[in-house]
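Questions regarding the structure given below will be posed in turn.
Chain IDs A, B, C and D follow the sequence of writing; residue 1 opens each chain.
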Amino acid sequence: MSREREKGMSIIVKTITRLTVGLILLYGIYILSHGHVTPGGGFAGGIIIALSFVHLMLAYGKDVALAKLPKGVTSFLEGTAAIAFLSIALLGFMTGYFFLNFLSKGEEFRLFSAGIIPLCNIVISIKVGAGLFAIFAALVLLKFEPEKKEKRK
Amino acid sequence: MMQAMNIIPIFVAIPLAGSFIIAILGKRPRWAPDLISGFTTLVLLAASILAVGIANTHGVLVYSIGAWKAPIGIEMVLDGLTAFMLVTINLVAFAVSVYAVNYMEQFTSKSKFYTLFLLMLAGMNGLVVTGDMFNLFVFLEIASVASYALVAFGTEKHELEAAFKYAIMGTVASLFILLGIAILYSFTSTLNMADMASVLAQKESKNIVLMVSVLFLMGFGLKSAIVPFHAWLPDAHPSAPAPISAMLSGVLIKSLGIYALCRIFYNVIGMTAEVSSVFMFLGVLSMVVGVFLAIGQWDLKRLLAYHSISQIGYVVLGISLGTPLGVIGGLFHLFNHSIFKSLLFLDAGAVEYATGTRDLKDMGGLSAKMPATGTTNLIASMSIAGIPPFNGFWSKLIIIIATVEAGRYWYAFWAVLASLLTLASFMKVMKYAFLGALKEKWSQIKEVPVFMKLSMGVLAAICVFGGLLIIPDVADVFLNRARNVIMEGVDYAGLVLKSIR
Amino acid sequence: MLELYILLVFMIIGAIIAIEVNDLLSSVVAVGAVGLGLSIVFLILKAPDVAITQLVVEILALIILIRATLRKDLPFSTSGRWLLNTLITICFIAVALLVAGKCFNDLPEFGYPIMRVASTYLKEGLAKTGATNLVAAVILDYRAFDTLGEATVLFTAVIGVLAVVRKVGRKKIGEKVREEDE
Amino acid sequence: MAVYLLCFTLFLLGIYCILRKRNIIKIIIGVIISEYAVNLFFILTAYRAEGRAPIYSKSAIIENMVDALPQAVVLTSIVIGLATTALLVGIAMRIYEKYGTFDITKIRDLRG
């Protein structure tokens, strides 16, 4: 990879990224929080959140993006979210059945309804977002050149 | 009843929790991954032995996840076959987990190894325990994805190449299986296995059953490495770290391949004479081809991998005979093979740990320096070659008797021949690796550390006393229960659906 | 449903281009076109949840694939006996299509599924789970266990990728290897 | 019926690519195409003529919804596909690092 690439792309791309990356993140949060009312859900929302960070990484280079979301934090978030999802299942187990929807169903069409479904969506989206960003970061950081071979120019 | 049922989700929840915790903790403190993994597998082993008892007293137990009754929700089913597979899987997993404490010191990132190992275990347990078609696919994918990564764990040239080959073939197999499930869903409009079986019994369609059978045969055949689909196994199994080779050869190909084939063909689609003769032919073919390819090998782990193909052939032959004796022989051989093949791979790992080589020509006289490894390897070799009184003898004997009883004299002949060739092949291993004069360059080597010896010793003891499992009283609790599940065929649906109400 | 056929043919053409073109980057872009076509097909087939997920998954998969094909010096080769092998594969494909055609005849006609289990979800889903999006009700309540498995597959893949990209796989016993803080 | 066959053709194209192509990235592309085809097949079986998406709305009373179960199943399998693809690409990039090529005719140290 050349030196330029690590610094990121041109000023135009950077400016537009600065304007859009927040919107993308917000859109992801909207998709995930309304997963039980409208189309979307934890997975789509989580991937959009990951994409917003990927976007940042592509435009500004890996250092800026990794400063915003360090690798240690991603793996911690991922593990914690996985544990949280399992605990939701186990809480149901305590009250009767594995994955029992133990919260009240609430009023239809509201954001806070449908028992454990919104909770699961949030947890899944954190997990998916952190996990996919971790994969992408790992693949970007991988030095993608053949070993023991003169570089062809 | 309610109390007993609660054991079923444990088999998935505990290994998942263990792996997530290890992933969060990382490598600080250093001993935590070893301890958590050992503890998890020990609890699972205890739970699965308990499950055998529960399956005995209650017959078929069904757990409805989220309190949704079938066919609306996902069911977990605990019956004889499930309990049998759970014991097999968790026994080997425990031995492997103890062994890995010392062995995995050769690799970096031990915590990632344990995370993936427990995820693979969770996948296998979930696959065995589930009663839902798509859920089976999901857990199959967990176990497979974890195993692709584990094969590449050493990140050397050959390991990556083998992992890629394995991953591509495994993914294609998964796609075939998923397409089969999609066709079955469209035809029956349900995903629950028991419900699906009852719909299929009412609604005949030759074409769909044929298509789905071919898809499942290719998919699960690839996963279990029956002969025309075996190309990935001799690369993938030797490339993995030794504990993982033991898991892959010992239980992964059986739970992902053989168990799923049995469950789907016997209990859901219903076995027909044509399908069972195809299976028998493939079984005999694997048996013979595997052993012929194994004889010429000089790489110890590769030789063992070819023998896995051959031994899987015995299991398939026994189970597809469809007679009570044949099925019990096949299942018993499945159990025995898990034990002695894991032990053989662990021994090969111990040799590699001490000497750093896998080439048989390079070794010699290692028994003098490594008595524990030499003895356990001798026991396992005699088991796999079918020498009395070790466990492998009894199961092979039952399979051969059953084959003769069924009037398949040629198949019986090939089974005996393959057994003899296996014996020859392992005499070669013993002669070149462990017996004879010690070579000069190995005078400095030491016996392997205590945890490795411990787990090899446990498995060797089971090899010696495993034959006791076919004493009628013991067999009634363990093997016969599993056989009954296969023999009852599509009546499985009725039993499960009755137990839900 | 004419648009469905047009899109399907478009996807097949896209797939053929992706398979046959001799430049990896173009091939990846062609796969992207197939994926977008698939996403629109999902919309036509009244599956908006799946369409959204397919779209975003597609984008991420493309970015990852493009990352792998960035280098220029990627040699390309076709092995010998090209004609024979291709003939064999085409025969195989023809046979498979024939068998599948017979089998698909016995399936319920397109557009008229049986909905044995699904009708229960549609009738009782809102009342029993409280979610107006019935797909969410199915994935996170009726079949939440599948979703746990799915999240676990993703987790496995993440740990797997992190394990595979380690620089140093093996070490001597007792040796301390500096591991990057993963 | 014809729709199913077109979808199956797409699946076979993917399989053909996996079997015949000698480049690692092409093989991964074949896997992706086959995955698309299987997902599409599932959704096709769920479609109901004149059906509506399985989401209730406040303003309209909706009958005749399409089958929701395959949609949930396909959501799961799409994500599984993404996970597999990511792992495959990871392994492929490491292979490139070790061998300096994506051509599997040159990557054959192991012969089975």
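Criterion: contacts are C-beta pairs under 8 Å (C-beta built on N, C-alpha and C of every residue); 3 or more make two chains touch, one makes a residue touch a chain.
Just so we're clear, the structure is a prediction, and the values are computed from it rather than from any experiment.
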Pair joined by the larger number of C-beta contacts - C-D, A-C: C-D
Interchain centroid distance [CA atoms averaged], chain C/chain D, Å: 2
Centroid distance [mean C-alpha coordinates] between chain D and chain A, Å: 22
Mean-CA-position distance for chain B and chain A (Å): 36
Interface hub residues of chain A, defined as touching at least two other chains: 38-39, 41, 43, 75, 78, 82, 86, 89, 98-99, 101, 108-109, 128, 132, 135, 138-139, 142, 144
For chain D, residues contacting two or more additional chains: 45, 53, 55-56, 69, 73, 75-76, 79-80, 82-84, 86-87, 89-94, 96, 98-99, 101
Residues of chain B whose C-beta touches two or more other chains: 16, 20, 23, 26, 65-66, 134, 138, 141, 145, 148-149, 152, 155-156, 160, 163, 183, 186, 191
Chain-level touch network, classified as line, ring, star, complete or other: complete
Residues on chain C engaged by chain D in the complex (per definition of touch): 1, 4-5, 8-9, 11-12, 15-16, 18-19, 24, 27-28, 31, 34-35, 38, 41-42, 45-50, 53-54, 57, 60-61, 64-65, 67-69, 71, 74-79, 85-86, 89, 93, 96-97, 100-101, 104-105, 107-113, 115, 117-118, 121-122, 125-126, 132-135, 137-139, 143, 146-147, 149-150, 153-154, 156-158, 160-161, 164-165
Chain A partner contacts - residues on chain C that touch it in the complex: 48-49, 51-53, 56-57, 59-60, 63-64, 67-68, 70-71, 73, 126, 129-133, 135-137, 139-141, 144-145, 147-148, 150-152, 154-155, 157-158, 161-162, 165, 181-182
List of chain C residues in touch with chain B within their complex: 99-100, 102-103, 105-108, 113-118, 120-121, 141-146, 148-150, 152-153, 155-157, 159-166, 168-174, 177, 179, 182
Residue numbers on chain B that touch chain A, as the complex places them: 6, 9, 13, 16-17, 20-21, 23-24, 26, 63-67
Contact footprint of chain B on chain D as seen in their complex: 11, 15, 18, 24, 27, 31, 34-35, 38, 41-42, 45, 69-70, 73, 76-77, 80, 83-84, 87-88, 91-92, 94-95, 98-99, 107-110, 112
